Amino acid sequence: MTDIAIRVALAKGSFHLDVDLTVPASGLTAVFGPSGAGKTTLLRCIAGLESAARGLVRIGAAIWQDASTFVPPHRRAAGLVFQDTRLFAHLSVAANLDYGRRRIPADRPVPGRDDVIDLLGLGALLERRTSGLSGGEAQRVAIGRALLASPDFLLLDEPLAAVDAARKGEILPFVERLHRSAAIPMLLVSHDVEDVARLADRVVLLDAGRVRGQGAPTAMLATSAPDAAWAVTLPASVVPGGRTGTSLRVAARDVAVFLDPPGPSSALAVLPAAVRAVDGAAEGQALLTLDANGVRLLALVRQDVLERHGLGLGSIVHAVIHHATPA
Amino acid sequence: MTDIAIRVALAKGSFHLDVDLTVPASGLTAVFGPSGAGKTTLLRCIAGLESAARGLVRIGAAIWQDASTFVPPHRRAAGLVFQDTRLFAHLSVAANLDYGRRRIPADRPVPGRDDVIDLLGLGALLERRTSGLSGGEAQRVAIGRALLASPDFLLLDEPLAAVDAARKGEILPFVERLHRSAAIPMLLVSHDVEDVARLADRVVLLDAGRVRGQGAPTAMLATSAPDAAWAVTLPASVVPGGRTGTSLRVAARDVAVFLDPPGPSSALAVLPAAVRAVDGAAEGQALLTLDANGVRLLALVRQDVLERHGLGLGSIVHAVIHHATPA
Amino acid sequence: MIETFAAGGWSPLVLTLKLAAVTVVCLLALGTPLAWWLARTRWRGRVAIEAAVALPLVLPPTVIGFYLLILLGPNGAVGRAFALVSDQGLTFSFAGLVIASVVYSLPFVVQPIQNAFESVGRAPLEAAAVLRAGPWDRFVSVAVPLALRGFVTAAVMGFAHTLGEFGVVLMVGGNIPGETRVISIAIYDHVETLDYGYAHAMAAVLVALSFAILVLVYGINRRWARAAP
Amino acid sequence: MIETFAAGGWSPLVLTLKLAAVTVVCLLALGTPLAWWLARTRWRGRVAIEAAVALPLVLPPTVIGFYLLILLGPNGAVGRAFALVSDQGLTFSFAGLVIASVVYSLPFVVQPIQNAFESVGRAPLEAAAVLRAGPWDRFVSVAVPLALRGFVTAAVMGFAHTLGEFGVVLMVGGNIPGETRVISIAIYDHVETLDYGYAHAMAAVLVALSFAILVLVYGINRRWARAAP
Amino acid sequence: SARAVTVTVAVATNFLKPLETLASDFAATSGHDVVVVSGSTGKLYAQITQGAPLDVFLAADTERPAKLIDDGLAIADSRFTYALGRLVLLSRDPSAGADCVAALRASAGKVAIANPETAPYGAAARAALQAMSLSPAVAGRIVQGEDVGQTFAFVDTANAAFGFVALSQVAGEPPGARPGCRWDVPADLHPPIEQQAVLLRRAAGNVAAEAFLAWLRGPEAGALIRAAGYGVPAAP
């Protein structure tokens, strides 16, 4: 069993959480949903902080909770990064970072401290008390503290809400690398569609305490999120000048389709392609799945424009890629 | 004097805030800058919460602080929405919302309670204690509480960091309407470039406690923010089928330039245009300012592609608009 | 026993409750501003004031009573000042008892309130300030309710300690029936004179009454506190 | 005066400090788990326990001493149990004094610690739990340090109250020089016998010493607390 | 009689019980009101020096009334001995046997006396122990009550095996009603335990106070005092 099964029921006042969820025990699962949907509550149930929750929590072969078992939170060590950071006010930043790390059982590898400190830009803060930290600084310390505890399952509750875009741009790839190399499964709560689309291997949609859907980010976000979400990863070689062996991420909104081959332009690449699928998307848009000589592409276009030019399933087009970022 | 002048100096441990800033006393000014730049500290100085701060704080004709004056915070009533919400734990949500509202001086209009409650989706929470609120719910209550106090100057410290995109999409236009109709000047701290680009009348860049620049959002964000920031607002009529009298917002990344007129495509519109300016942007990109028959357009394109096709200042091109949103 | 209570036996209890109630009110009135100041000042000398507040504890009650007797007496500084405004002496009077009890129980009241104010911290007060609440307003509408637990503890401690107080009261008050003869002295007298029956009965009444009051106060506090964490 | 102190005059002071120190240690050892339990249980009956803890306060010390005398004595429940393990009696011994002082000062120790634990709340403990800290570990490494202010208050109150304690100690201790004759009794005796000189001197020493200890403790506490708000 | 006047009597706690009976008798016969205030002799002395509103002081010793006269706070010629304390050796130990002194000598149990420094009964007990050459036998076994009331509590609760208490404390107890032994210490084994009364300066001219003191020296009062377990000095 290499999947994660979570079936929890919990009532909090008038709010009822009733989640039934199975996800692979690897990669990053994004939990997405409106404010008050129960995302934080779900993470708390998984971490073992809601002792009133009933149900099953199984991480691979390890049963954290079922009808007869309730593993206490400190033995789950589900590195939960709280939405409100919860740094220890009586400890320095350094001692906060080391709190979990010093408690890692002897048979587990202890993560390197300096990498995390460098990455999160905490070097200058180590001797500081937590009380004077700015919002973003506190969030970074909280992330670092959780990472350094070497968790079996990382639960991130909007960990980057107060972190600026530039820093986010550094932290996210690290988290990504982390979850790919260490194979720690992760659950990320985020309101930021960009982050979710970029990082997540799959998305779980939560609303009013229930799972409303689950699947690949592209498919799932279509029903709930703005258009920034869909993207594909391509071999860089499809773009003139792209270095072989590397990949590019192309967002669906940055792909347009033309009937005739366009002339010289600011576009990165023009690829002949066939329209393999047309899905509805929000606000009168359509998501085209294209096959460009074996390379899958997504294009987000206006439904009405499509109709006006008689474009549809099976059409042969020229896919124009306007932007791409290294993946 | 209808401007806002802020010149404050304050040392907090090893951090030094030293700001000199003049902005018009109307509209929304976004304060943008990396984590730890001093944004929160600046807002606290303006609100009068840092009694050690030295300098000048003048809002139009009202002097809140100068060499001889220090108006205490409760007389400034600069509706500060704290980054950490700071709801009153001993009061219900309703009592939190009413706290400032009940203290509005008799000669000021008292804002309508129901509008704000509806807009922020707080109706179901009114009787609740603050302790069980989710992160986003708490932030919305904090915003409502500040708005209902009828402030002279609204200071928003990342008020929407934990609010989901859909809700944000409702709250932001309200804040926008509010500041346009009520003419309350606002200062918004946000890490979200999209928000800033969409809402702000001007941007102040803060870094390491100092103002690094100030100006229109498009110009300012170019030096610091990812490419999502640049956008222009167009009359909808430039796009086939666009309703006259309305406007469209077109992001620079959604505009491409073609040397030859392209054929039928998924594009919304193709406009002949002249390249009026070429500015460098981040990551090998260039920002083109286009003149399409009197309509100004921005296009974000790759520098190398531009060069490959010999495009530059004065080139006559076809601007292709792929996406637009109602403004 | 019946006769003993009937024959003025209840008067010490009534007097005691009155003394405890008045003392608690005075203690809160005096202790609250002191605790507030101690919780917020950054003056380095505050530790001396904090230590001074706790000092009445370290001396035996009778000895404190002795010094208070001198201080409040006709030749003492306070007694002389009081003589200017009243022709009644302070010692051996109800007013004197109140003063003595207040001095003696002050630390039990200042400490919990001060700790509670310190736990409240600056954050909610700043939030109130930017919502137009002036210093007094935010003290009343934010600091005090958030420090409620400390106030309850303070009131309970002050009340209980005044009930059981004895050495100080005996010295300053002089055991005058109906005026300064509080229940602790009455019980003491009956223990001393081997009237254990009356002492047991009176102690049982006192304990039962106090228990009821305490359960009530803590119960209400609990209800309030359950909502606000 | 010098001669008085020299003639065994210091022994009550030394004994008192020893008693206060031992009592504070016992109080903290006993009061901490009790306060922790009270702060965290949701059992409705807890208000009764809270009230019971405060009860020793409402009885005059001498009367508590009297009941303790019965309870700890050869015919009392505790005394009998103790007789099984020791052939020394509890009353009139240092051990008896410690027990009596602990009972009498318990409320002053439980209350501030309980309030401090309640102020800490669950949030930091949950944070510690997900960082692999077990219940005891997070109690020691998070709850106690965050409640430090409460512990300082508790220790100060317990210490000061034991110094000044008198009625209980007198009753249970039996005023045996070197064993149970604490300084408060010594001062009291000298007041009783009109030896005001010795009483003043001894009181001054006690006050000065206590003041020094309190300033030290509060000063250190301040230093710690300034950093963590 | 003349208009009813109130007399406030301060009494050493050990004499409080008898005084309550005396006071109500006096009030009944004289028509005056009596208010009784009790406390330890030392405390009452301190209060009188600080202007306590007291008229008559019934001390447990001779020293404090004399000192008040020296201080000018009491009427010099009003001082007299109203009661003589009687010392009793008491035990509640069922194994004590009939001979209390022998049991005391043989026992290893604690011996309670009142504090000899502050309480006359304590001084008397120490003197009696010396007179009987018992001091070495009880060395290390002495526990001190603050006053004779507390000393009695020590013995009565069996915390001390023996104790020197006041006859007045066991006067109402029929012989043999409780286990243990009792031995009335002969008066010549210790200096007399004189309890002296004095009229306080502020009561000069208070007819009730003067009448009370006069009545206290009279035969009716004497009988009551004797019944309470005290001696009464032979009429001068």
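General remarks:
All chains are identified by letter, namely A, B, C, D and E, in their written order; residue positions are counted from 1 within each chain.
FYI, a contact is a pair of C-beta atoms (placed from the backbone, for glycine too) under 8 Å apart; a residue touches a chain by one contact, two chains touch by 3 or more.
These figures come from a predicted structure and were not determined experimentally.
Looking at A-D and D-E side by side, the one with more C-beta contacts is A-D. Chain centre most remote from that of chain C: A (centre = mean of CA atoms).
In this assembly, E is the chain whose CA centroid lies farthest from the centroid of chain B. Centroid to centroid, with C-alpha atoms defining each point, chain A and chain B lie 26 Å apart.
Between chain B and chain E the centroid-to-centroid distance comes to 89 Å (mean Cα coordinates, whole Å). Inter-chain centre distance (chain D to chain E, centres taken as mean C-alpha positions): 35 Å. Put simply, the C-alpha centre of chain B and that of chain C have 55 angstrom between them. Each of the following residues of chain E touches two or more other chains: 43, 46, 150, 153.
Multi-chain contact residues of chain A (touching two or more other chains): 84.
Each of the following residues of chain C touches two or more other chains: 62, 66, 191, 229. Inter-chain contacts occur between A-B, A-D, B-C, C-D, C-E, D-E. Considering their complex, residues 62, 66, 69-70, 73-75, 89, 91-92, 170-171, 174-177, 181, 189, 191-195 of chain C touch chain E.
Contacts from chain C toward chain B in the complex involve residues 123-124, 126-135, 137-138, 141-142, 145-146, 148, 227-229.
The residues of chain E lying in touch with chain C in their complex are 8, 13-14, 16-17, 35-39, 43, 46-47, 50-54, 147, 149-150, 152-153, 156, 169. Within the complex formed with chain C, the chain D residues making contact are 46-48, 50-52, 54-64, 66-67, 107-108, 111-112, 115-116, 118-119, 121-122, 149-150, 153, 156-157, 160-161, 163-167, 184-185, 187-188, 191, 199, 203, 206-207, 210-211, 214-215, 218-219, 222, 225, 229.
Chain contact summary for the complex, chain E toward chain D: residues 40-43, 45-46, 64, 67, 110, 112, 115, 117-118, 142-146, 150, 153-154, 157-160.
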